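Pasting a structure below so you can have a look.
Note that the chains take the letters A, B, C, D, E, F and G in the order they are written out, and that residue 1 is the start of every chain.
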Amino acid sequence: MNIKPLGDRVVIKKVEAEETTKSGILLPGSAKEQPQMAEVVAVGPGGVVDGKEITMEVKVGDKVIFSKYAGTEVKFDGEEYTILRQNDILAIVE
Amino acid sequence: MNIKPLGDRVVIKKVEAEETTKSGILLPGSAKEQPQMAEVVAVGPGGVVDGKEITMEVKVGDKVIFSKYAGTEVKFDGEEYTILRQNDILAIVE
Amino acid sequence: MNIKPLGDRVVIKKVEAEETTKSGILLPGSAKEQPQMAEVVAVGPGGVVDGKEITMEVKVGDKVIFSKYAGTEVKFDGEEYTILRQNDILAIVE
Amino acid sequence: MNIKPLGDRVVIKKVEAEETTKSGILLPGSAKEQPQMAEVVAVGPGGVVDGKEITMEVKVGDKVIFSKYAGTEVKFDGEEYTILRQNDILAIVE
Amino acid sequence: MNIKPLGDRVVIKKVEAEETTKSGILLPGSAKEQPQMAEVVAVGPGGVVDGKEITMEVKVGDKVIFSKYAGTEVKFDGEEYTILRQNDILAIVE
Amino acid sequence: MNIKPLGDRVVIKKVEAEETTKSGILLPGSAKEQPQMAEVVAVGPGGVVDGKEITMEVKVGDKVIFSKYAGTEVKFDGEEYTILRQNDILAIVE
Amino acid sequence: MNIKPLGDRVVIKKVEAEETTKSGILLPGSAKEQPQMAEVVAVGPGGVVDGKEITMEVKVGDKVIFSKYAGTEVKFDGEEYTILRQNDILAIVE
């Protein structure tokens, strides 16, 4: 993976409903179109962002829950990713 | 429970009206669809969030009243939870 | 009363028009549906809220005037209360 | 007068057009419904409000011009008052 | 003139198009209804306003250009004035 | 030129499309009505503006690109100028 | 290239879909009208912008992904460029 997010941004890849079920998450019905589970594939350096010191709390490989509609979707090597701010990540699922 | 909320976020589970009555809260009629009572099931680490030092004041097991519509609903292991910021929790009920 | 408001929040109980008249306040006509007088029943600890040091200036028992529509209404033990920020309290009436 | 405004709030009583004319202000026609002249009847303590140190610059008895629609109207002892922030007072008229 | 503006406020009196032409400004056609030239008639003390130290840069007698629609219009001794923040004054014309 | 902009404001004069072409800029078709190229004719002193220290980076004579619709248009000595904040200037063209 | 962006601004040139494919990015269908890949052609000096210290993290020649609709489009020497803030650049692609 050769995308280097800037500042407090994180690149995530949405986890499909099938995989999600394996890890214990059930996304029924209409929610399937808006999966909120993703895996972190790249993490920005953090540091001073908008004048505030940001420490990155997520790392590559983390399974995370993120705000619906947050971030920007990009296509890279035929795969879809989302780039969002760490602040739009709600929780890490272990 | 293996959801680790980030920053000042808190994971809560809404308390049903039946349980609510036991603890002395009465949620009549239309309010039943919007229970504002919940139990805290996971608490973020707090620390510097958006450039401000946040101390977490709630702990796992607290019964809390929270702002209607606040936070994001997620399904996990077949159960529904809400992830919100501590600031959207109005009060602890004892 | 066992509601512990968080941060700079205050729990108030609206004062009925009849009681209001006794204390010298007259709320005529349409204003009766929007009483702005209330008694403080619980006060949060204050401290650092949203990165700002807040000192609580109201105390339990104070009669206060508050912003119409401010805060969140909750039912507790069959009684209706409003939880709002101290900043939504305009004045103390003595 | 026994209203104690909180923080940087000020209680004012609107001056009627007749009195206004005496003090040299003319409020013609439609403006009569929106008098902007008032007398200060109570002044909050100032201090740290929303994290900023506020010094009160108006005092009881000052004639002031204030922003139309600013503040909240309250009735007290049969009289109408407006509670607003000092920042909504534009000028003192001497 | 006995209006004392508070904080960083300034009282200005709009300059009529006729006078404007003398000082070299031409306000053609529809712009005549929205003159942006004015003379400063009173200046607030400045100091800490909204938590920021403000130094007043305009003085009584200055001819200034100000933002259209900025400020509040008041009538005083039969004359119309505008009270605005110094920040709504764009430039001094000499 | 005797307009003295306040704070971080800058007075610019839009450059016509003909001149623009000479300096290498081509503004085709509909863009001609919204020239974004201008020459700086007056620069404010900078300093503390809205509580932030601003250093002026443009100087009289600079050719600049600015945000469409930014600033306020004024007529002076029969010429049209725009007064805007330095922050609305995107780049200097050399 | 003789455009000198001010502050934390960056001048970028959008990368056409053909080139994009070579570097491994696939922009299918409707997305072709909104390429989000660009090459950095000029970088502002950074420094204190809006009161915050900004360090420039991108350099001329970087391939970047940026927020759709961010920035201002300008034509220069017959070529189209976009001027945006570094904060609107999401990631560097290597």
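A few points about this structure:
Throughout what follows, a contact is a pair of C-beta atoms (placed from the backbone, for glycine too) under 8 Å apart; a residue touches a chain by one contact, two chains touch by 3 or more.
All of these numbers come straight from a predicted model, not from anything done at the bench.
With steps allowed only between chains in touch, the distance from chain C over to chain G comes to 3. Chain A and chain G have centres, each the mean of its CA atoms, that are 23 Å apart.
Note: centroid distance chain A to chain F, computed from Cα atoms, is 41 Å.
Of all residues in chain F, those that touch two or more other chains are 51.
The touching chains form a single ring; listed from chain A in the chain G direction they are A, G, F, E, D, C, B. Only residues 24-28, 31, 36, 51-53, 55, 57-58, 65, 67-68, 86-87, 89-94 of chain B touch chain C when the two sit together in their complex. For chain E in complex with chain D, the residues that touch the partner chain are 2-7, 9, 11, 42, 44, 47-48, 50-51, 72, 74-78, 83.
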